[in-house]
């Protein structure tokens, strides 16, 4: 068993890594070195980190285009990620896929998708395969509040519950789908009730709290491994930056400064960091900064794929 | 206000008409005069009849390929229906569409569809148009239990509830989708709970009882006209014949003779007929038989459309 | 292939069944699912009893959720399984386009090959009679349009078995097109497992004057048409492409360089259809060198009507194929071959 | 059209906005909906402030439910409304195929004209840079395949306005294809309402030696290519089909009968694409009479990569178009026109 301090260090390393990687992306975005859209998770880190901390390394994660946090929390290769954003050949998809399709099969991070809700049934299919094989691995699938409006979400819940599959559904509810608030999309704010009607235990964690998310996820994962079928978590959270791209977006007017400030006050990166002894924290942060520097340097010097690669991988051999 | 006796006569006429039309279809099907699939509602008549009795003639109905009952209950033209099944030119679609796409715009019977669940969002769209125009008409949409598994069903409920649209959702739950029982498709038999989670009042009528269906539908229609938004009814019912075609199907083995017998014992056509004075009943039945004879004779002598018509109506002028 | 096996005749549906059984025995990752696959009718027999021969989780019914079930197939494939997803009507694939086109087709590419996508999607073309507008469509050209998807349309029991085995073993999504009017067709089928490689067309009949390519069920009418063309002195070469993506254009081009004329008959509309692609490729290839005569035939440019007289006019048949081939060679001249309905159509009985 | 109005220059996005406003004023049944249509960006300005100019129920945001929302459009149309359903990416239309192909396209036919289906479906092609495999597709050929659907792809502000008005007034489903790189294009647009009739192509540039047809945004590169072809003595005629279904093949055929050569450049894959259809129709028409030179150009047969060097190779551009035209006329010879990136691409800045 890991001691509590090590555990906290690991959690903070993961949170801080995600935060700083995305801040660096935002900083350099104006240079156009990343010629592809980026959807930042700044503000939402605790969901991926909390849930992944409850999973085993050999468990499987599915996510979305807003996938940097999950990719890193699941242990995805940092250099491969930054090179991918740069469109370089050492990228996790040799530069062919960009930020919206991160993948690292070695750590169970499945390819993300730019089409909302598409990975939800895929995660269910993966979980079905695990069950067919008698594996005791499990699958977690992360998706936004907007995803739950797509019919395929309901179809997926129904099938996963019917077959009692080993899957944890994680809704990262950041209150908005692009600039559209929940009120414009949901008749009632009771997603968990709806999910529960499929016989899937469902709980909301209201404030993004890392420990609460991890605790709930751990309980869910335990139940899943016992063969009890799917579980559902609705993690309330908040995106600080614009829906896409590096910018802030209060000027657009679809949300208030107060709302943003209230969530910033609950920043899990800062709060978790504050729980560490200052010297420990400093060491963790320095190591992370070094890794990030190295990753960006790696991507800078990496080469673009050869034009002939355009035709590779259309079909799998 | 219509007196109770007249009312019962009307209900029975409608039930008996549907039953006998479909029995006639089953009788002649082997002749191959109807060269197109038919999905009979025998056993399920009370749902369409009960709900339509609660609606106004200018209200709108959407249904499915299992649409004979609804078409007739809504007042659709019998001759046009039989000619359509025969593929003749006086058919409601000039013989081009067959049993699965019945339509009679004059009585608010919208075109049915052979693709499961497709008319559900269409009905929602029609209801939205009514609301936009400030009309006090309403829409009822009929669909099978299998339809509720399609994602578009959930999407439609969500949107109808969000916009508080004047629509009554009617699930004709006949326990099966083709030969697949509910158990193979639903993790729990609690559809109404799920629907209620959208804020849509939902009730199940367990036994196909005509009066119960009509009473529930009347209450729902009243609430809808008050502007309270959508309502939902799950009407349990039973299909006596095979999923498609004229035959019985117990030999296939997917359901039991007991189950069928239990539902036949609740036959709403017989039970309703028994509530009428024998002479009244005989008169109603004779009139229906005459109308059916006339319709089949009409279809027999009707001509096939000219081959040149193949190219008509691809585009609307 | 042993001589014993070559003497055995089975139906197209039996050939599909046998292929599936053999692959399920070989590889425990192969499973079959879709609406009704485990019902007593077993998809015209092609999936019959697989759930008892193997286990109920290797041949199972699903809720009506085509979109999610396609995603389930994709996810299972990512986990190393080899799912076969069966659709009673190809029209229902229109519910699966997002997963198939946006996800399955791109899985290998956007992961630079880290992810394989071995899924087979069986789409049955609902034609018989009276199926109407929504139960008769063949949308193979929509899939042919998209890189990353393979599309096959075998027409003989032999190719049905071999293509199914090849499709199951393929690491890419394969859309497997089956025409209902072929299920009862009988032919020689080896008992052992074998693959029919994709991208290899078959010359079913040799001829000098015109090349006729038939896709799926129409190939039967093309052969019938070829016989009636003989009567007017036209010798037709008939080619079955078998696989549409990849497409063996070389075999077709070789034939056309001999005959100078090409008629492509599809079981769908011509506009942006498979027939457009074949004609366009041939036209590009001979571009400027030789004035080859080219013509397409397919569904009438309308929805499919149910009433028999219009339905007959909607579909190409042996007579209209023969006539089109004749017209290609004898511009302006008229010839009306005897129209007889194909026996598999005439013999069809409802309800569905 | 008045001379005043003809002197006014506005952008493509403004032209769409103006068309929509004018039709919304004319007919209270016209409304606009889709993800984000009432947000401050207003679909590149094309729907900006319509909810305040009219009312919030005539320009509204929706849940993420493309399939149901398409059904909603269809149902509203059945009730006599004229919905305009906007999609930020044409890729999302793959979620709408069932309703569009199985229902909307067939509504008139299966009711023998009792039901009209006046819906406009706006699909924005996401290209700029780095959009990748799932945000760059143009699936117009899938719709062209299906009788009952109309498909238009205007490229000038003038045609954008006129086609939008015609689409709204049309009693049939119209797929309205818009390429993001066109929104800022400026051009003369009359102030009054007018229709650009479907099925009429435009000859944008006269030429003698080769006909180049460009679909959507590529038309700009076709015009650039025509200029560089001048330098090597090749006179190119450039045609914008404007509407793809119906397609004005006569105008293209007239041009080809003059030039003897046709290059079709599409903003999608060639396989079973719009370019296949145009080439096939021309090939059939000249069949046997004349050996015309035919060639297609479109996306590379791969998914769309994000990294710039591969993305540049994925799309046709002025240089590759000029080169293809040159190759059509001078078989075997090599010529490498100067490659310069189109200004609307070079000037593009992210994030999206």
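Which chain is which? They are A, B, C and D, in the order written, and residues in each are numbered from 1.
Convention: a residue touches a chain if its C-beta (ideal position, glycine included) is under 8 Å from a C-beta of that chain, and two chains touch if they have at least 3 such contacts.
What you are looking at is a predicted structure, and each value in this text was computed from that prediction instead of being measured.
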Note, CA centroid farthest from chain B's centroid sits on chain A
Between chain A and chain D, the Cα-mean centres are separated in Å by 36
Round to the nearest whole Å and give the separation of the Cα centres of chain B and chain D. 41
Once you find the CA centre of chain A and the CA centre of chain B, what distance in Å lies between them? 46
Between chain C and chain D, what's the gap in Å when you average each chain's C-alpha atoms? 31
Please output the residue numbers of chain A that touch at least 2 other chains, ranges allowed. 94, 96-97, 101, 113, 115, 149-152, 155, 158, 162, 185-186, 314
If a residue has to touch 2 or more other chains to count, which residues of chain C qualify? 62-63, 65, 67-68, 91, 95, 98, 102, 109-110, 132-134, 147-148, 301-303, 305
Touch-based graph of the chains, sorted into line, ring, star, complete or other: complete
Touching residues (chain side chain B, partner chain C) in the complex: 29, 32, 34-38, 87-88, 91, 94-98, 100-101, 113-117, 146-147, 149-151, 177-180, 184-186, 242, 244-247, 252-254, 304-305, 307, 309-311, 314
Sort out for me which residues of chain C touch chain B in the complex. 35-36, 39-41, 61-68, 91-92, 95, 129-135, 300-303, 305-310, 313-314, 349-352
Complex contacts: residues of chain C adjacent to chain D: 67, 91, 94-95, 97-98, 101-102, 105-106, 109-110, 132-134, 137, 139, 141-142, 144-148, 245, 260-261, 268-277, 279-280, 282-284, 286-296, 301-303, 305, 328, 331
As the complex stands, chain A meets chain B at residues 149-155, 158, 161-162, 185-188, 190, 193-194, 197-199
Write out the stretch or stretches of chain B touching chain D in their complex. 60, 62, 92-94, 96-97, 101, 103, 105, 110-111, 113, 115, 118-130, 132, 151-152, 155-156, 158-159, 162, 312-317
